[in-house]
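Paired with chain B in one complex and with chain C in the other, chain A is shared by the two complexes that follow.
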Partner chain A sequence: MNLQFLADGVVMGALIGLGAVGVTLSYSILRFANFAHGEFIAWGTYMTLVLTTAISTLFGGHTGTIGPLSFGWPLLVAGVAAAALTGGLAVALDRLLFSKLRSKGNAIVMVMASFGASMALRSLLEFIFTSRPAYFTRDIQMAVPAGLGIRLTPDQFFLIFLTMIIVVVMDRFLSLSATGRAMRAVSENPILARVAGVDVERVIRATWIIAGILATASGVMLGVTVQIRPFMGFDLLLPLFAAAILGGIGSMSGAMLGGLIVGVAEAVAVQIVGADYRAAVAFLILIAVLLVKPSGLFGVRE
Partner chain B sequence: MILDLITYGAFFLVTALSYGIICLGLNVQWGQTGLFNVGVAGFVAIGAYTSALLTTPDVVERFGGFDLPIWIGWISAAFVSGLAAAFIGVITLRLRADYLAITTFGIAITIQLVVLNAITITGGPFGIGFIPRPFSGLQEHPLLFNLANLSLVCGITGGVYYALERLIHGPWGRVLRAIREDEAAAASLGKNAKVFRLQAFVLGSAVMGFAGAIQAHFIGFIAPENYLSAITFQVWAMLIIGGSGNNRGALLGAILVWALWSITGAALGLIVPAEYQARAAALQIVFIGIGLAAILVVRPRGLLGEVTKVSRVLIDR
Partner chain C sequence: MTRALLDVDTLEAGYEPGASIVRGVSLKVMAGEIVAVLGPNGAGKSTLIKAIAGLVSKFSGCVTLDGADITAAKVHELARRGLGFVPQTENVFTLMSVADNMRIAADVLPKASRSEQIDAMFELFPDLARQRQLAAGRLSGGQRQMLAVARALIAKPHIVMLDEASAGLSPKLVGQVFSKLAEIRAIGITILMVEQNAKAALALADRALILVEGAIAHEGPAKAIAADRSIGRLYLGARRSEGGA
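Presenting the complex of A and B:
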């Protein structure tokens, strides 16, 4: 049996997992399901695309590629800058919209506002870039054997490696840094955290910035392996929510594992029923989790 | 000229009122009960496709076409949409409020996939045509045809409006609002919040499916692209701008937003060159999105907000 689909599922799962970590963090700390998270993914990717093009043009297009990878250093530099900008976008959206609703204390109105914001942000991308897909590179890469009859492209190797680094860094950050501990405190109990002297506003800003960074990472991965479209984030949103709930809201490792499960399940479903119903897999997983164990694999509350 | 204008006016109002009925359904869920349904498009689609399947004439290449009378199609549409809502509701309404939003979002995407890919049932991307239209005998006279349909839709809207008003101002509606405001207090009076939420969710979705069927029969043709998330978003904008919690607000919002949508659409069509039409349409959605968010921040009540009254007896005194 050809296990190639598993490899594609793992790459997809890694990027779903990165997005889901952002969703689960903002969900547990800000206490609402942010429907605009998909738009952070799309905006981060498009900003990376614009910056990559700008840098390459600046250097006369002679930036080359890194070893066997399909892209050069401009993509990495642009990705880091775009991640920061996306974090800024998330903070700005919070200032303009969510912070004003937060004081009224109705979480579901914030969900609705995020839904409106996502529609506006997505359509704005469509207005600027049209719905035609864009690509970081049009080169076709040769896949190299990775054992068990699976072949991976150098890009895929790199992205899996990058995901692992991000996960380790995030884990260390959340468990060791002062900001990380403050974030976990607010997620456990915001009132108690405030009483204990945690600067909740700062924690909220940090959460948005991290969500924006992770969203950009996940979007650029999707852009490198598949393509860039204004709807790319919207189409990822259901898998992200499914992964975050499967892992248990608030659990970072849960979200990552949930992302891998959703990614691989989608790849398996494509093998069995074809690609047409791929997007329904996340929905079925979501329904199954809500039926069997609504708190998810590593969830604590409820 | 003046006749054309009346014909267009009637056509416009039929469409706007069919959105108005969807808004009335959403108002039961959000306005009265505080349930956030992100899958409006899905429930409308279920209604439209159910009725289309039941009432279209038999076709060879596709399952069904049962050639049943229109009214059977409409009632079944409401029933099947309600059934789908019951399935979703039983699973999610016992959990935290956002899960309903996420799950309804999921079902709308799944239904979109099914109507797009289950070609033998739904016609796939080409949709279903030849859906019987009410008063089809009058089709040679556009004016009469549109006016007849307008009076039919007006009658139905009035009927749905009246029925919902009676329900909402009766004991049932009071329990819904009590649960929305303070679930613990309502529970202490022996009201089972889960059951009431489920009832409101199913009723609202059934109304949406019913409205979807009416729309499908008035246009005579349906395709998956009519049921993208943009429609969910439009209906939400209508309800929030008109005033959630108020059925008159829901209808006013529907007519107002649909008018704005049609006017800006027509204006962009005239001004913007053909190759930029898709971009202009995207810009329309940007403005509605900003408008929706702004209303939530600045005037959450909408134009006609909810009338707070505890009981008819207290007001009258």
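Presenting the complex of A and C:
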């Protein structure tokens, strides 16, 4: 049996997982499902594209590529800058919209507002860049053997490696840093966190910034391996929420594992029922988890 | 006359504007004192202490801590300004380890003194020190209450306010918690406690206030209130045969 689909599923699962970590963090700390998260993914990717182009142009297009990868250092530099900008975009959206609604304490209003923000951000992106797909590179990469009959492109190897680094850094950050501790505290009990001296507004800003950074990482991975479109984040929304809920809201490792399960399940479904039904897999997983174990694999809160 | 450490002046507070639960309460807590706020259910005791802690809206009046006006201070600033608060319920982070519960409170201190202060708390609460890696949700009721008190003490407060520290505890555990509070007072921490268990509170406190329908109905030395049978019968639910409060 050809296990190549597994490799595709793991790569897709890695980027779904990174996006789902952002979703689960914002859900557990801000206490609403942020539908605009998909737009952070798209905006982060387009900002990376614009900055990559600008840096390459600045250097006369002679920036080259890194080893066997399809991209050069401009993409990495642009990705870091775009991640910071997307974090800023998320904070700005919070300040302009969500913070004004948060004080009223109605989660449904917040969800609806995020849906509206999502449409506005997506339309703006489509207006600026049109709906035609864009690419970081059009080079075709040769896949190399990775064992068990699986072949991966150098870009895919790099993206899996990058995901592992981001997950370890995030885990250490949440476990050991004061901000990470404060985020866990606010996630569990915001009132007690305040009483204990945690500045919840600062934690909320940190959460938006991290969500923006992870969304950009996820989007750039999708852009490198597939293509860049204004709807790329919106199309990922269902898999992201399926992964976050499967892993258990508030659990970072759960979201990552959930992402891998959704990614691999989608790849398996493509083998069995064809690519047309790929999107239905995340929906089925979401419904099944909500019916059987609403708290998810590692969830701690109903 | 020495200045009060905590001074509450004609405080009106509650959950809905125009519907004050705390009605014109004034109280002073001097440094080193233990003051108990007692009263029947629904008297507004918890609302009063939550209003001082910034968790319930203050409609009018003034609260000063060590001479500084904290009436409009944000909740998270109060820990840094020397006011510790132990809520009645959900007063520890159950998913976090005992050590992380300590660390989260210590994060308000300068970096250099954090681990020293955590060690000092583990010395004061040796039972917690033995379980520092355990999730706080797995502690017994008494241990949780001790952790909640330790968490409030870690930021080196001038005063600690406790909302019904004895709630849900067995008489034996109440004794343990209250003897720990006596130890805490002995190291110079001032305590303002809201209590339903009047007998235990009056045995520990220096002074007491009786709150009825959001206003102070009586106040005086704890011993005098404990000995006054009429107060016990009128406000604290004591039966005729029990004598004092």
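Going forward, the second predicted complex is superposed on the first by the 302 of 302 C-alpha atoms of A that agree within 3 Å, B and C clash if a C-alpha of one lies under 4 Å from a C-alpha of the other, contacts with A are read in each partner's own complex, and residues count from 1 in each chain.
Following the convention adopted for this analysis, a contact is a pair of C-beta atoms (placed from the backbone, for glycine too) under 8 Å apart; a residue touches a chain by one contact, two chains touch by 3 or more.
From a predicted model like this one, the values you see are computed outputs, not experimental measurements.
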* A:T130 contacts which: chain B (first), chain C (second), both, neither? -> first
* Can A:F283 be said to touch chain B (first), chain C (second), both, or neither? -> first
* **Touching partner for A:M164 - first (chain B), second (chain C), both, neither** => neither
* To do: With the two complexes superposed on chain A, say which partner A:L3 touches: chain B (first), chain C (second), both, or neither.
  => neither
* First (chain B), second (chain C), both or neither touched by A:V144 -> neither
* Asked: For A:L192, is the partner it touches chain B (first), chain C (second), both, or none of the two (neither)?
  -> second
* **Complex contact set, residues of chain A against chain C** => 178, 181-182, 184-185, 188-189, 191-200, 300
* To do: Would you mind writing out the residues of chain B in touch with chain A in their complex?
  => 34, 36, 38, 91-92, 95-99, 101-103, 105-107, 109-110, 113-114, 116-117, 229-230, 233, 236-237, 240, 278-279, 282-286, 288-290, 292-293, 296-297, 300
* **Footprint of chain A on chain C - complex, ascending** => 53-55, 74-76, 78-80, 85, 87, 90-96, 100, 103-105, 107-108, 151, 155
* Structure fact -> In the complex, chain A touches chain B at residues 27, 32-33, 35, 97, 100-101, 104, 107-109, 111-113, 115-121, 123-124, 126-127, 130-131, 234, 237-238, 241-242, 245, 276-277, 279-280, 282-283, 286-287, 290-291, 294, 302
